[in-house]
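Okay, so subunit A shows up in both of these, paired with subunit B first and subunit C after.
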Partner chain A sequence: MTLHSEQAEFPPQSRNAVGAPRRPSLAAWKTTAARRMRAFAPVFVLVALCILIAIANPNFIELRNLIRIANAAAVPLTLAMGTTFVILMGSIDLSAEGAVAIAATTLVLLAANDSNASNFGWWAVLAAVCASGFMGFLSGNIQTGLRIPSFMATLGVWFIGLGVSTYLLGGSAVRLMDPALRGLALTRFLELPLSVWIALAALAVAIFIQYFTRLGLHIVAIGGGEDLAELSGVNPRRVRIAAFTIAGLFYGVAGVLAAAQLGQSNSVIGDGRLFAAITAVVVGGTALTGGEGGVINTLVGVLIVTVLGNGMVLLGISPYIQQTVQGLMIIAAVASSLDRLRLKIVK
Partner chain B sequence: MMERFSMPGAGALTRRSLLGGAAGGLAAMALPRRARAAGDKPLLVTSIRSLSNPYHAVWKTGAEAFAKSVGAEHVTVVSEGNSEKGIADIKALLSKSGGHMVLNSDPNDTPDARPIVESCFKAGAYVVTQWNKPSDLHPESFNPYYISHIEFDGIKSGSAITEALIKAIGGSGGIVALGGMISTTAAIERKKGLDQTLAAHPNIQLLDFQVANWKATEAYDLTSSLLTRFGDKIKGIWAANDDMGSGALEALRAEGLAGKVPVVGIDGIKAAVDAVRKGEFAATITSDPFWQGGMGLSIGYHAAMKAFDPTKEPHEHREFYGQTTTIAKDNVEQYFKTNVDSQPTYDWNDLWGRVVGPIRAS
Partner chain C sequence: MTALSQLRDLPGVSSGALRNLAPPALLVFLVGFIALFVPSFLSVQTLTMVLADTAVLFILATGETFVILLGGVDLSIQALASLASVIVAQLLPSLGLGAFPVAIATGLVFGIASGIVHVGLRVPSFVATLASGGVVAGLALLAAHGRAITIEESGRGYTEWINATTWGVPNVVAIAVLVGVAGFFILRYTRFGRFSVAVGAGEPAALAAGVNVNRTKITGFAISGTLAALAGVILAARLSSGSPSLANQLLLPAIAAVIVGGTAITGGLGNVGRTAIGALIISVVRIGMTFVGVNIFAENIVFGAMLIAAVAITIDRSKIAIIK
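Then we have the complex of A and B:
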């Protein structure tokens, strides 16, 4: 069924190229080769970036710095894993910042903190992840039940999350005082902070979901063409709700990690993370139209964005032009990874 | 928090405007229309940007404390970063109160001060503005209703924490600085304070100046990258607000450097005050939002009750820099006792006690 939806997307010329390997014409060979190259474009970008930065400042490849990069990538990676599933489905999820705020708020208010007397330890983590997962569940139901486009549905859930967390925190920043939970960011195992290991575990789970479960297949199928997927027996409503819920769970883990890193939560703890996540997903080569790309792409995308941020500081690039460089980088990465000839319409 | 300076852009504006939604408007609707009677206490109104940052939350408690001390009705309206909503809410309250009202406003944006002041003037309500107003808008042009405008000197604050940081690292060595969002006045002034002080201390080397947009999260990532670039050369970290300072502190903590590399910030948020107590922050500065919230109303209240005549006050009572407090090791315990553990008690009748001078023409 995935095969059908994928083929449906190919224009006749490229289908010939794939479907007739025994009579390879030079032109056809070029097309396939070019596509293969493009699939790896984000990796080339990442490698080139690393080499350039390392030449300019050898400190970049010091183990200590690589650990710092891993640490800086932990929260965006976990977050972007969630966003990937929704984008793969051809939808968009804007609720990340609200969900992160809810998770971080739930965590600090239930674990030992400087605002109330609760001290539920690891139960607080579970509650935080579940609360955020519920937000995703809500997004999925709003989208499918009320038939509201995911853009608006998740925008609404974003505000709801932000509003509820502002209300719960009473406008102030509440600090996380549980040493075990702070340990998620401060304790190291094999040199790496636990938060990095957790992000890697999240990556592993995401890979498993995408490549080894039926749900993963169905998500890609819906992104490739929902009508075809439905004809093949996929229940889009159920898959959508599941994908949004999974995204919410990932945001929850990211929220927990963010609160552990900063040692506090305020309602703006998620500020700026949404676009970082979407940027990473797109730069990694996942198409906003859905059906193409995946969590491995996102890993590369997150690393590109993080390495770039780290590298610009190492190179001493003026903060006044860093944003410009980031913008150019995004356009360059997307331009090199998309086969624009295949796009019939650009909107 | 200085959240008013750190709006990340249009996205946030829409979000906050939607978020704030009807709350303030509903508050305005719920009030009964009141007739003005002689000797009747005016309605006290606090207009601030948001309650989702600690700074304005404390502002509101100060306002409530003053309102309680005189037994007057008090309403808080929140603009949530939406100028039009902020102004509309104020107009609604002006009409409900028949102009018998005192407004203490932190205008959402600089141009907002003008329509706010004009509608108060028309309705005969007394108004005090803080932080934001166009430079050609003057209280004297709206006598007697526009009483005062209060700001805090960013250059002086930026300079004071730089001095504190230099002292903490023993007078020589390298530091890195984290600035606020590039285009905001507060960010520019505080950086100017840093630059001026550094010019007088040739033994201090500013290794790098980075922009963390007022945010702890960005400061966290930047600090760890700066540690790679400069390593042990970093003896201290200067941050233009406490939120970025605490982000930097957590990045230091992750490397086992908390308390070894001193941090300074501005705003006096609780996390920073605690860090000063633990010796992880060298200093922070507060404009005392509790005082701002209470005193802005008190000035208006006393004018409305005819306790003084604004038109007879000197210019430096009409537009002035308020006094800030530097919180460092030597006074942090005292500050904690009076301002954090308990609500401060101020003499709300001492209207001009914190005037430090006229506002610099920019």
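Then we have the complex of A and C:
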């Protein structure tokens, strides 16, 4: 009974009113209490996971292992920051792997390397991030200009990026020889590699964008209901292009870090990264329907994915099965978090 | 928005003529273009080779057609094909011909699983299949221990039915034609086929008319999974090896083949015949690029751009209020 009275206090939002009438028993499930529980569910999962793994193998909580986890989380965290903004809008970005490949390839070809004579040092980093940002800008323009769904636009851009990268590399791997850039992954500050600090800086920038800028507000508004946002004076087209471009810039930073960690760029440098990024975003509790969640959720999601991967290695489980576990996590997270009352038709 | 997109939204400009005539015209143009450069391209031998090379892509794309017609998309076909190739390569020595049904049944099972996740848990199909594709890719890696498995001399006898040539026609072409004809008839003359088109054209209307939407969707994904596995088996036989990443490069061309053929990503419009033309276009473009001197490493750029262009032309914007 209490549930029903609470439901009366929180009438369905206007955007829900368009479809068929909602059943009260289902609507009751969406009370604020349930919402709050759901918001913290990823944190509970992360804590439980840490405790379980630590019990099974105490090596897990050694400082050395925690640093290893931080190091492994750096690239996925940076990547997932970008993906978060796009998913917050209710869109999807499949171009992460292509963008990472572009950034990594631009970096190694412009910095000191074993394939050509260029040596632009830090300018190569700037160029790499910009190249990837341009891919995002392209995705945004294709999606809004040609008016096609983002998953198709970014699927195309993914392969365009991959194709450009393979073409530039000529199908081989090129090694990064600039010691300063290699240092991004090798130099340590307060025990942690610089790449971890850069990832944390990316997180700070993402938090700033989401919570302290008008753009961040508009992205969430579009995700919550594009028609309403537009009527309130938001220019969806500009916001969408900006969000995809920001995502591209984050992918660019991630690509630079990935190239520094690997010490090279090759055609498969992006492989599996899209999957990890989307898993992290979704597992963190950002709804695929948009408007709910954010970069903090994604931080938790990245930690869940990384801790689980680390734990599986510690427990002696085949690393090959990691993708399988991540896939199941995506299904579980989406199935439990999707605001299905808003989705009359699921395609 | 822009004048261009308004023009495209006018009924009749894009939907009718362009969608029906453009793909075959493009194919003829491409073949003619290559024949100008290399007259021998039009020989029976070369054309047979092109058909044989298109077979795997076409079978994958036919499965994908069923899902796209329903208004969804299946991003797990490359993973299923790879898994099927691993299963065949691993089981051929012990099971002989029995390895083929096992591999194809695996595709069926995972296709049904994707469908159930999609309709049962109400997860959008591209996420459901992205996830199930990850699950399958992990299993394939595990089954193959991360390596490629060569089909040894002893097992090659069993792949003869795929690699052989009957009356001058490669068996793979015959298999692809069988799949294509079956797909065509299923879509046009069976209740499931008509329901598929109805669901894709307008799900609420189909639901109101009493169509079992969930069952139709699961069947669509089951067909997609089965055909993906069949494609993987054929690929394994042709390359004499199975590997967990064998078909990874085929997802984009397969989706592109469906869309370039003129099947709309929004569902309800299209058929297997269009996919056949789309698959041939993709193959001919790939071959044509080498003739014209485009670097083979750049082929993904061309396919990505073709995909975007074809989606933009064939999509039915009246069906989506807000494009996300």
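Assorted remarks:
Keep this in mind: the second predicted complex is superposed on the first by the 286 of 347 C-alpha atoms of A that agree within 3 Å, B and C clash if a C-alpha of one lies under 4 Å from a C-alpha of the other, contacts with A are read in each partner's own complex, and residues count from 1 in each chain.
Everything below uses one rule, namely that a residue touches a chain if its C-beta (ideal position, glycine included) is under 8 Å from a C-beta of that chain, and two chains touch if they have at least 3 such contacts.
As the structure is a prediction and not an experimental result, all values here were calculated from the model.
Taking subunit A as the reference, the larger set of touched residues comes from C, when subunit B and subunit C are compared.
When the two complexes are overlaid on their common chain A, residue A:T213 makes contact with neither subunit B nor subunit C. Of the two partner chains, neither subunit B nor subunit C is touched by A:N235.
By the touch criterion stated above, A:N71 is placed in contact with subunit B alone, subunit C being left untouched. In the superposition on chain A, A:N116 contacts neither subunit B nor subunit C. By the document's definition of touching, of the two partners only subunit C reaches A:V164; subunit B does not.
With both structures placed on the common chain, the touch criterion links A:Y320 to subunit B and to subunit C.
Across the two superposed structures, the residue set of subunit A contacted by subunit B and also by subunit C is 158-159, 162-163, 166, 169-171, 275, 320, 322.
Residues 89-92, 142-143, 145-153, 155-160, 162-164, 166-167, 169-171, 226-227, 237, 275, 278-279, 282, 288, 290, 318, 320-328, 330-331, 334-335, 338, 340, 343-347 of subunit A are the ones that touch subunit C when the two sit in their complex. Those residues of subunit B whose C-beta lies close enough to touch subunit A in the complex are 3, 8, 11-12, 15, 18-19, 50-54, 56-57, 179, 182, 208-211, 213, 215-218, 220-222, 224-229, 231, 243, 246-247, 250, 253-254, 269-271, 274.
Here subunit C touches subunit A in the complex through residues 1-2, 5, 71-73, 117-119, 121-128, 130-139, 141-142, 145-146, 203-204, 252, 255, 265, 267, 295, 297-305, 307-308, 311-312, 315, 317, 320-324, going by the rule given at the top. Every residue of subunit A that touches subunit B in the complex is listed here, in rising order: 57, 59-60, 62, 64-65, 68, 71-72, 114, 158-159, 162-163, 166, 169-173, 175, 185-186, 193, 258, 261-264, 266-269, 271-273, 275, 309-310, 313-314, 316, 319-320, 322.
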